[in-house]
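Pasting a structure here, questions to come.
Naming follows writing order (A, B, C, D and E), and every chain is counted from residue 1.
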Amino acid sequence: MLQAANLNLYYGASHALRDVAVSAEIGKITCILGRNGVGKTSLMRALVGLQTVRSGSIMWEGQDITALKPHERAKRGIAMVPQGREIFPRLTVYENLETGLAPLPRGERKIEDEIFALFPVLHEMRNRRGGDLSGGQQQQLAIARALVTRPRLLLLDEPTEGIQPSIIKDIGRVIRDLANRGTMAIVLVEQYFDFARALADQFILLQRGEVVVEGDASRLDADDVRRYLTV
Amino acid sequence: MAKPEDLQAIAVPEEAKALLAGAGPAASSEPVDFATALAGLKSDSFADKGKAIDALTALGDVRAIPVFRALADGRLLLRKSDGLMVIGAPSGNEIALTSPLDGSSLGAVSAGTLEPLFVNNNLRNVLREAVGRLGLSSSDQAARSMAANALLENATPETVALLREAYGRESVDGVKRVMALSLAAAEIAHPDKVKRLDSIAVLGTASDLRVRALLQARLNQEQDADVKAALVKAFDRMQTKITLYSYVENFIQGISLGSVLLLAAVGLAITFGVMGVINMAHGEMIMLGAYSAYLTQEIFRALLPPGWIGAYLIVALPVAFLIAAAVGVAIERGVIRFLYGRPLETMLATWGVSLCLQQAVRSIFGATNKEVANPSWMTGAIEVAGGLAVTWNRVYIIIFCFLVLGLIALILKRTAFGLHMRAVTQNRQMAAVMGIPTARVDAMTFALGSGIAGMAGVALSQIGNVSPNLGTIYIVDSFLVVVFGGVGSLMGTLVGALTLGVVNKILEPVAGAVLGKVVVLVCIILFIQKRPRGLFAAKGRSADA
Amino acid sequence: QDTIKVGVLHSLSGTMAISETTLKDTVLMMVDDINKKGGLLGKKVEAVVVDPASNWPLFAEKARELISKEKVSVVFGCWTSVSRKSVLPVFEELNSMLFYPVQYEGEESSKNVFYTGAAPNQQAIPAVEYLMSKEGGEVKRWVLAGTDYVYPRTTNKILESFLKAKGVKQEDIMINYTPFGHSDWQTIVADIKKFGSAGKKTAVVSTINGDANVPFYKELSNAGIKASDIPVVAFSVGEEELAGIDTKDLVGHLAAWNYFQSVKNPTNDAFIKQWKTFIKNDKRVTNDPMEATYIGFKMWAQAVAQAGTTNVDAVRQAMYGQKVKAPSGFTSVMNTNHHLSKPVLIGEIRPDGQFNTVWQTKGPVKADAWSKFIPESAKLTADWTFPWVCGNCEKPKYAALVN
Amino acid sequence: MPLPSPLLQPATAGLSPDVVDRVRVSDTQLYLDGVSVSFDGFRAINNLALMVAPGELRTIIGPNGAGKTTMMDIITGKTKPDAGEVLFAGRIDLTRLDEVAIANLGIGRKFQKPTVFENLTVFENFELALKSARGAWKTLLGRLNSEALDRIAWALDTVGLETKVEDIAGSLSHGQKQWLEIGMLLVQDTQLILLDEPVAGMTDAETKQTAELILTLKGERTLVVVEHDMEFVRDLGAKVTVLHEGSVLSEGTVDHVQNDPRVIEVYLGR
Amino acid sequence: MRNQLETLAKPRPLLDRRGWAAFLAIGFVLIVLVPLLNILPGRGSMLHLSDYLIPLLGKYACYAILALSLDLVWGYAGILSLGHGAFFALGGYAMGMYLMRQIGTRGVYGHPVLPDFMVFLNWKELPWYWQGFDSFPFAMLMVLLAPGILALVLGWFAFRSRVTGVYISIVTQAMTFALLLAFFRNDMGFGGNNGLTDFKDILGFPIQAPSTRIGLYVVSVIVLGLCFLLCRFVTQSKLGRVLLAVRDAESRTRFLGYSPTAAKLFAFVLSALLAGIAGALYVPQVGIINPGEFSPANSIEIAIWVAVGGRGTLYGAILGGVVINLVKTWLTGAAPELWLFVLGGLFIASTLLFPKGIVGMVGQWKAWRDQKKAYALDDKAAAEKGAE
């Protein structure tokens, strides 16, 4: 169970997250919504430890991980699919996936076949440099790479960006499936509202760095969305 | 002048008696005994020493061989206390003494209590010839071969006779061939035309520069047309061979220079090529390696028996690796880690580090060069033929640098550490998110690069200076090699270094060392226009972002 | 308390630190010594050390600083000719005094510089003459190998014309220049080997400078070129350089200097002892430029004592004819051309890194500021006393007054 | 000092006669035929043909890795095709020009991954994009006129970055950079506009808004839009080309391609 | 909105009011006050500025111009030239050749035409490339042309071929290294390792006269000021922004229709010209030009000055050039055996503490202050909210 509370994050003098709280439960999907620049990515980066917060706490599996380094958080089962893919450009596709083995105990360092079943193109292109892949292929690689770590908390920052419709559908199914297995908590940032709504168990809606609406997915009504997501 | 009292000390009693009986030292045409002749070597005049040597040689006593060798090497000594003539051999910090008369041991003393007998180059030649003459009857086949070889150029009728005799006795083929050649050389000016032709036929099969000189000299004097024709033919054949060898030699020298460049650059191929850190202190890592070799050698000299000294270089390699790696880690943890993603600031900071390291070494070890010995297994050359020789240290360096490069390639491509290294440098933040301990990987990568530079320093100490400036000598070349090869490509570094080495060595005989290097640099500049990302450029979409 | 300040202008960092640091220490030793003996003119002598960092324009800047700001009475400094050239205008402009202790190409005589190192006629010519002699091996073929800069160029030019005058043919002379710090000697050593295998006795005259010597000699010894085959005689390789090389395979190669540490005489024994005590290291060696520094310092101190002042003009006058019993075993004299008379010694390298003197001049040789073997230069005379008062004149400045 | 720059000259001046080609398909704005390109043996574009008329809006869809971005790379000169013809305005052979010359012909592009000048402010990004002389001397002495300002003001307003004008572009969020790049295209005012996934990372409302913006440009400008958002593609209502494995799989109206079984198979999914 | 845009769109001034005030004040001190302090007060006076400082300050001014020139290409166009010393040296050699010719018969051999080093190496006549250097205008032209043409040719090839990043650094380094070796060669006819020395006068003024020194110093400072303004003009123009764009995302500028080749070439050549001018001013003040100036280490050092001062700010480069050399002058005298530790330590410390250089300290401090302010403000708001 993830419980982050009172997160405050600054870029220099600009206050990007204001007392933000977010939680995620094993087996559930938490959606983060909000317009461009409200702080969704900042929140995700804070959760994995790439951005230090000025105040607030992040509790994971009952422990305070606020001060931990990103790789220590990875060891505790946290993985992220970042916005902008962030593939290792000069590693091959296979090597990119192998980086995901780092936080696993020695005996478990193996890439599951399931991953390739989900993204067959990655198998086809396993010896190509990651940087040479098309945008959508890279996005698939980024998701696969996160899954290789066998995370217990999976953070997805706009994972469908640039992916073709059929695969988006697959990804949706997989996310649902992963959640249903009951071994993983999922936090999903998504602009693609239909996709988000179909998956979300609970949600928070950000505006200018603040949580303005939160709750159960059933409470997510179109009015709120219109109010906060349109111009 | 040798005083009779001194001689008493060396002489076994009977000989001493004979000596005191009045046999003049050296040079007398009357037969003298060994001890008396030996005493002549004590003279301060080079001319008198020469006469004594002649006298000893004339005696034909093989006991003279170790004496001559020792004299030529400066190991024939006088004991200051009593003027006794002894042969010395270093043994730890002391000199072990043996008697020139019967080879019996006289114990070991400290070097300060002895005084060497000096010869000059002229006498060294005389000695060599004498050793050669005496050596023809040695039981050691290498000694016989050397002796015969030494007689190639300056044979006298007397030595020819000796040689012929030895040739008759000889049973080893290789030695026989050398003797045949020397015999042929002696007969090149034989009044008998047939003998001359025979001699030329034998000589023509060699590809020795000395033989070529002999043939050429003869060519200038020869009157007979047939012989002249044979000479020209033999000469031309040899010339072709020698020219061919000189191309091979050029190429090997190029590879050898290339391997030095490669050694200087391999560490940088990691710290700069893989990590992207413009490490201006790279040269100082090499320097630290060289000083590690020096330190190891001094420790060996101080603590271990002299027989061990040859091994110091082997021990120096891991020592240098550890020292340079430790300094590397200190630099990475202390400075560079705050500067990732800001390569230019790293350049500035490592420049500062390099200044400090240079000055530190200067303060600790002094500004002057340090002597790092070549172990005996690294000295000398393999003579192939026709003057083509490859020195052992070069051979070892070539082998060593390929080993190191292979090792790095293995680490980079085949280990998880290698994968993490590459991932961290390509996207440090994302690597951290994937669970790679970036700080540790950075430190270890830098340690590896530095450590390898340190090992390179050990190798380079064998062919160059060991001074605080050592690093500055290699830094420009190292960057040149890594960049020319293509940053990030080990293969590029390898091919780049070897290419530069070979091209340099091809140009050097034509353009001279200075212009040759200028031309090489200009070629590099032009080449980079053709391949703006080096020889082995990173390809693909990510490269031209 | 009032002191007499002495400037020390030797590189302590950069490429020249290898050679020059020792000279700085030598000056400090001399200062220490003179102070122990009660100073000079009743005052303590104080050394002002600066680091021109092997950077030639910085030499000029530091020289100016020493003279103008520190107000030193004299400066001991420089190694390379270019550093001397760089500071020369400063010393002349500010009328100060420099003691230059290194063998050099000559062709210079400044009123403000005293040259205590060898001129070419005190090193090169005698060395070649020796090798031509029976004792030296009757060398017939010559390799002139040097670093590409003025000193080797000039020396080789002088030697070339000397050799030709002795009947050596052009094809028996090979000239080769390499850049500073040249480190890959494979080609050249192989060439030397080939050049030397033409059946005539061959020798190498090396004006290779500084750092490049170590790899050169290492290559030489590895390539198996023995001194008895092809001897190398060097003018820039001394005890200090050899201390950085494993000399066991270099035995018999030669050097020509005005001083060797191995020379036996009481002055030298004292000098060596003084040095080892001062530097607190029994393994350190002495060498020719150190001896030149020693001579220069002694002469200056004597001249100051004699003049009773540190005034540059007065001291300069007192310098002429100044004599010092030198560690070389001879008495060196300062001539009016600002150069010394010194003996020439030729030594062979011993296994212990020292030199064994195999030949020496009967007495001191007077240095020529201008070489007789360069036509334009042969005409010139350097003499800073009446009636010449000139460093490069064809006739005395005050010729009219003489008659 | 003569600057060796094509910027100093009118677009087609100095081009060799065979570059300014035989007028073949004179009334196309963009013409590709038989274009192929391989990377290390992998055929990313395979005998591709495409014709876009002046003023046309063309939508391009296709699976990940179909070659859409590569096609744009070819048009803008980033990648040189191994074979085939690429003509601009029916006569200019783009394969012989470099990126700069092509851009100066009037071809603008938004990249799939937003690329802006991160160390310049939003305003400066616009200033650089602004249609004006590109030569070194001209830019040295160049000044902004009020017409240009109007254009920037309009673009700022359109992309909703008014409050960020003086911010450093690097500090923008992902979506904001996307918008900035679109804005830059607007002020660049080129004849042919290539948009690679313009609405990725936008909210549904913003997507709609973008579609409207594109529709207003249609007619005046020729637009080629690559997208995966079928909703958006539908909103644009333009002719759709489906790429697959480097060549055209299907072409026609949105309805036509959406019902093409092959398109469903490889792209849309069931 | 519109107003804001109008202000943003205004041509940027060379300097703002405070900038001009500082510029003029510093100019006054350096050009008027310093010489006066040297000339007027008596030697013993407290106010007297020592003679030896004048050429030193003049030298610093030349280094400052050099640093400025590198900052233009490195700070703005992103070209880290590791061969700028070469342009400096070429300018210096052009000036040195003029000064050599001015010696006339006053050389040691008294040869009317040939410089001393040619006489004693047996040169018979002046090589063609020495022709014309007896004329000051011609020499000045060469001060510009030699580095300018080299930069033009090298830059044209390199930028056109898209040689960037470390590759361009290495190309420039190889260039200066090649020139170093070439100029070392005595056969090149530039005096070999010794270079050109023993100058007598410049434009008829004796080069060692205090008045000439002051003159050269003042000229150097004025030229520095002008170069600074010129660089400001370039960097404040739209071309300045194009250069920054090229620096940060070269490929992207191409798609906007800017030719990075042209922009970079402009900056590179201009920068080489400035470096050449700096070299030309430097030589008469230090009295020697020799191949050492071509050494790669020298060029690296220039980059270090710029980095320490603050890259991409122009005045930072000037400051860096002056400060480092000041420190060096001081330490090589004050701590001759330890100064490398101090200098090296300074480099390390300055990169760690002031990543944006000395001048970046101000911005760093401002950012820090703003952040503190924002924290305080937000904390207050939060407290109030809590109180409600």
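Just so it is clear, a residue touches a chain if its C-beta (ideal position, glycine included) is under 8 Å from a C-beta of that chain, and two chains touch if they have at least 3 such contacts.
Computed from a predicted structure; not experimentally measured.
Interface comparison, A-E versus A-D: the higher number of contacting C-beta pairs is recorded for A-D. With centres defined by CA atoms alone, the chain at the far end from chain E is A.
A summary of chain positions shows that the Cα centroid lying nearest the centre of all protein Cα atoms is that of chain E. With centres defined as mean CA coordinates, chain E is found 42 Å away from chain D.
Centroids of chain B and chain C (each the mean of its C-alpha atoms) stand 30 Å apart.
Work out the mean CA point of chain C and of chain E, and you get 37 Å between them.
Looking at chain D, one finds that residues 39, 78 touch two or more other chains. Multi-chain contact residues of chain C (touching two or more other chains) are listed as 12-13, 148, 177, 179.
Within chain B, the positions touching two or more other chains are listed as 358-359, 472, 514, 517, 540, 544. Residue ranges on chain B touching chain A, taken from their complex, read 416, 419-420, 422-423, 426-427, 429-439, 488, 538, 540-543. Contact residues of chain D toward chain A in the complex are 39, 42, 62-66, 68-70, 112-113, 160, 171-176, 178-179, 197, 200-206, 209, 228-230, 266-270.
Against chain E, in their complex, chain A makes its touches with residues 8, 10, 12-15, 18-19, 54.
Chain contact summary for the complex, chain D toward chain E: residues 1, 3-7, 76, 78, 98-100, 103-104, 108-109, 115-120, 123-124, 127-129, 134-136, 139-144, 148-149, 152-153, 156-157, 162, 165-166, 184, 188. Taken in their complex, chain E has these residues touching chain A: 367, 370-371, 373-375, 378, 382.
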